[in-house]
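Order as written gives the chain letters A, B, C and D; numbering starts at 1 within each chain.
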């Protein structure tokens, strides 16, 4: 990479609520380069991208495009300047067509009227350029699969004649074979001289794709290096900043009555998105559910919890067969589910901490059981919840970590026998993460059976006693705790090989 | 059962809700004609056809405007009052003088637009819930009308009465104007940026904002246009009355218009639907009225039937929308292992075929 | 943000202040809104007061109508007979009569419409008409215009009866109906046209309002206070009643406390009367329509005050209350039996018989001496029935009115 | 969204969400009334005010339950009218029928609420349409049944609740039963909102997905809210019928007045925010406003204008007051196709 950079960010700093999340980060991006931005959750990658996209304004630092300083007050300013962003959340209107979404806000006009044909044509061209002629520009977005929607997002970014595209975990929602498509798209973009800023947790992708890697940690720039000269282990060490093992607390001495008993067993369970799921979790055990996004981890949690019902197979909790037809039944059977989407599925944002924490007790008989309700303040303080307004504080004013503690308190209040944690540390800070880890250990020691779902492999490996690896809706295999990431990934992705072989 | 469901789902996939609404219209026409025939009548006489069209025009104007507002995820409960005010403004401005017709139209639409602007600003700038903002605006206008006018007033010149009373064949002029306006608004929604942005703001204001749309603007424009269509409705009423009448606000036009819009398949929470469906919704209601009239149904039974039919129709649409959520299925309910082609490599499969295929498997 | 907050607070405050200001600011007389407190300068609104018409109606009260006294619905005051032989048809027993009704949205109209249906049955039995069809516009002028148009277009109607919902707005539609060549009968509220064969109505709103107001003037000491309770603004028949009352009160020494619009809702009436009673004596109540009169009287009971002198209507719950409590009262009448006349007129027209061009029916208030008689005659009838409904001789009596 | 909000956080909870605003407005109105008519606060007139306001308070409580769960109930006005007419027709002046008919009215209210609730939750018809439909159906059906105008008469026993009360109380004169009933229902509603059901209701209005994930049977909770609203409308009908007897127009437009009252109390349309007390204060404020207009001899025709201005101003003030959220609900995500949202009518 020689010559002047296409994009140069220097000394970018940003604070939220008085907490600094970026400390003077520098980053250069050249034309045709793929620059990977890595780091743990909360390291500041997304914030940096949002600063670049014009969603947030940096408190300090400057951004130069082609050597000229730019300032983006609004995402549209950034887009006009040729900096487009593919966010993690879809920014599409499901009721509008692909072409209408791609050109939203700057619809093509011919003689003063919006020209759908022209937009569709242009979209088709963009799609064809990427070798994706299969998506019809006139189909409504809600008819598309996740992967297709992801492609539409990229096309939308491209349609601005973008010279810089930043992508925030673009493969997060994609199945393995769909990732291939993304690889092809990225290759084309680079041929055209587009600079790509790429955020991902998946090391494989990073080493497959990146020219340069920048590591962020706790908002600080750790290092920027050429991918070719970097070894994965070295990268992980830089990301974590300390030996991996020390991050996760050690198991505690078990003291619960039910330790060792099978508390949750699933056999032959399936529905339209899962098949032949066999699973067993014992009291005191943490079982990790590994697998790529979309491999069926969350679906298992939802199946157990009666959100999406299993249509086949059996579920036993503490030896009793249960039919989880609704969350209510699951709760009564002693299950708890910490959902992955905290805000939309877990919290009542306008209600107080206390109202959230006692919600399940209020919703499921024995209603509002006084003894359990009285324990809630104790649970909240043992979780070290920080709320300036006390327990009457509305949850929406809390930080992500404290919000997650409220969700945990809500479930702890029910004294669950089996706890399912779906991405329990997503989007929360390091301190809160530690609290979650310690809590899991304590619960396990007390005899709770824990099923842990996480996209962060180190976390999954570090916390789990056993790992059940899923691939495309089925159990691909089981691994002992402490297995290497490579083994897990091989199992999680290996099934695609089988499938190809099995195909007629 | 399953077969019927999947057939209707396939149909829906091809034609969308609007197709379903027109199907409902046809069903209402056929069933209505059958009932009338059983009583020895004929629903499709020239007289009944004229009646049906005439009934549709007034509601049509109001419902077209309401569609725009609802598309933007707003609501306008003031249209009945704006209509009443407009009849007075038109009649008093024209004062029976043909040379003042243009002035009267201008004054009416101008005032209506101004009211819509205030509605839009109160909703977007002062962030008052549209329900309350427009209800309040309605009360304000009601108070003004009751205080300022005592009963009918003004006079509409005979030339302008052609708008309300003349017809071409079986088509009243007002219906033609209503249909022309519907076409214009359809074009507005499909061919202008503002129209596109209305869908965007109604669908997801945040996505719209991130795409560089000022989310307030489409909402304000929708309210202005909605009030103006209420103004046109007022002009129509005035031309039919030959005078202005304040008391028309008591006729519950706003709720009927909302019912027509929702019957037309427009989603009450915005972002989905359109004027074509609304026109069908209006014709459904007008057909019901004509059928009830031809059958001499008791006026109170009319209300009962109307209420029940609106609920039933919306319930049917709601079922359809529920089934439409795209779900990727790996395993058909039988639990057979996934064939290698499912899920297909998405970018290379024709997406149009997908909903139908999904409909079939469930 | 801050600025607009101030703005809002200001707007709210301003509203309060403005509303407070109106207390003593005199109304703009041009606006014609006789507001609450300025009852002292009583004079009728120009818009609704027609001195000539007022005079005519005052005179008509004292004219002996032509026709049999026991059938007031066939009587007419100073009729000008017109020839209808052009409209005569060969077989009236097959004639189809169409009726466009404004609505049956109040008890008076409900009672009247039952009477009309019973009259139709009687006429059909007599073979004077063949069949009858009605449409109901639910008080929607536009709907009624469509209804009339539908009758005209259908070509099935041998006569069209119209009870217009609003005088001014229905005029073009009635004219269209006239132009179709079918005989048109208009009753109750009129239209601004004389194209119809006959226009049937009782003497009118001025007479009604004056009957009530005259009674109050006679029965109350000078200087007594009177409260006027009205239903809605802008409805001509009601406005005429009030205009006449204003005319009468202006010449009297009664103090009119003001008027209130009640929408005919008992709860509103009772609340408004209670509030007036909190502020001072009310000696008389004038009402432009009697429904809800009982609620108004209850306000006096609940406040522990003596009953006022009251002008109600010939509605039965009021008349029974009057009887039970021995009130000083009058029941002005807007003759409900007028609902019989249009169908009879239609039958006469189709038979080619002469009818009055303007068929003015008698309209006599019920006074104390007639009270027992009318209560007797209507003893089976429910409340919200009108004493002078005039259907005692019809075949369906009394079940049709009792079981509604 | 996450701006520092220390200033607001220090506000006592009771003053947030509009309760403060409506209290101030109510006091302001009472002060103006007092300047116009000092005798207003002398017992009897105040009790007369309470008697008149009680039905709206009861209706506002019912409407509050529905609004806080994220829905609307437009059918209450028609229901009040229907219930009064039913009572008059069935009692027909017969004292012995009073209590059986009241029982029947409550059953009918229950039925209407169930229909509203189940159609909204299970058939997924937006509540504004459902209740608009029931409004039309009730309006038409009752009039069809009685031939257009109410028939029959209420018994004195029936009218006691809305019209009378224990007499001879010092200073106040008579304490209307209506006031007692409204007060009891207010207390009951406050307790209800503190009960597990009330908390589940509030949770449903805030975020029905999260509530369902926590084991709340969303459809049931919402349906019960509609039942509550209809039962309250029935009680209001008993009070209104008792207060003023039967007239043809009874109940008309009450649904909008009730919604106005609730919103004026700062209860947010869309659900999840606001208190019973705020709704009750809102109802009192609306009634006080009507009284004020009257005391000021404001021409009754201009009253709607003032009412409209004050409602808009009050709601604008509440929504301006430091709520950093946009007025709409948290934005709707395009549902990721492989993760269906849990929703109310799944089960």
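What we mean here is this: a residue touches a chain if its C-beta (ideal position, glycine included) is under 8 Å from a C-beta of that chain, and two chains touch if they have at least 3 such contacts.
Small disclaimer: the values here were computed from a predicted structure and weren't measured.
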Exercise. Out of curiosity, which chains are bumping into both chain B and chain C?
Worked result: D
Exercise. Of the other chains, whose C-alpha centre is the longest way from the centre of chain D?
Worked result: A
For this session: Averaged over CA atoms, how far is the centre of chain A from the centre of chain D? Could you give it in whole Å?
Result: 43
For this session: Take the average of all CA coordinates in chain C, do the same for chain D, and state the distance between these two points in whole angstrom.
Result: 35
For this session: Between chain B and chain D, tell me the centre distance in angstrom, where each centre is the average of that chain's C-alpha atoms.
Result: 29
Exercise. Measuring from the mean C-alpha position of chain A to the mean C-alpha position of chain C, what distance in angstrom results?
Worked result: 73
Problem set entry | Shared-contact residues (touching 2 or more other chains) in chain A | 92-94, 142, 144-146, 273
For this session: Would you mind listing the residues of chain B that make contact with two or more other chains?
Result: 126, 146-147, 203-204, 207, 299, 325-328
Problem set entry | Multi-partner residues of chain C (each touching 2 or more other chains) | 4, 8, 33, 104, 233, 261
Exercise. Between which chains is there touch?
Worked result: A-B, A-D, B-C, B-D, C-D
Problem set entry | Touching residues on chain C, where the partner in the complex is chain D | 1, 4-5, 8-9, 11-12, 15-16, 18-20, 22-23, 27, 33, 35-37, 104-107, 109-111, 113-114, 233, 258, 260-261, 263-267, 269-272, 274-275, 278-279, 291-292, 294-295, 298, 302-303, 317, 382-384, 404
Exercise. In their shared complex, at which residues does chain C touch chain B?
Worked result: 4, 8, 31-33, 45, 47-48, 103-104, 133-136, 138-143, 145-147, 149-150, 153-155, 166-173, 176, 232-236, 239, 261
Seminar exercise, completed: Listed in rising order, chain B residues that touch chain C in their complex are 45-48, 50-51, 54-55, 58, 125-126, 146-152, 161, 165, 237, 240-243, 245-248, 250-251, 290, 293, 296, 299
For this session: Mind listing the chain D positions that touch chain C in their complex?
Result: 25, 28-29, 32, 36-37, 39-40, 44-45, 48, 52, 55, 146-153, 163, 240, 243-250, 252, 290-302, 306, 309-310, 313-314, 316-317, 320-321
Problem set entry | chain A partner contacts - residues on chain B that touch it in the complex | 187, 190-193, 195-197, 199-200, 203-204, 207-208, 210-213, 271-272, 324-333, 335, 337-338, 340, 343, 345-352, 354-355
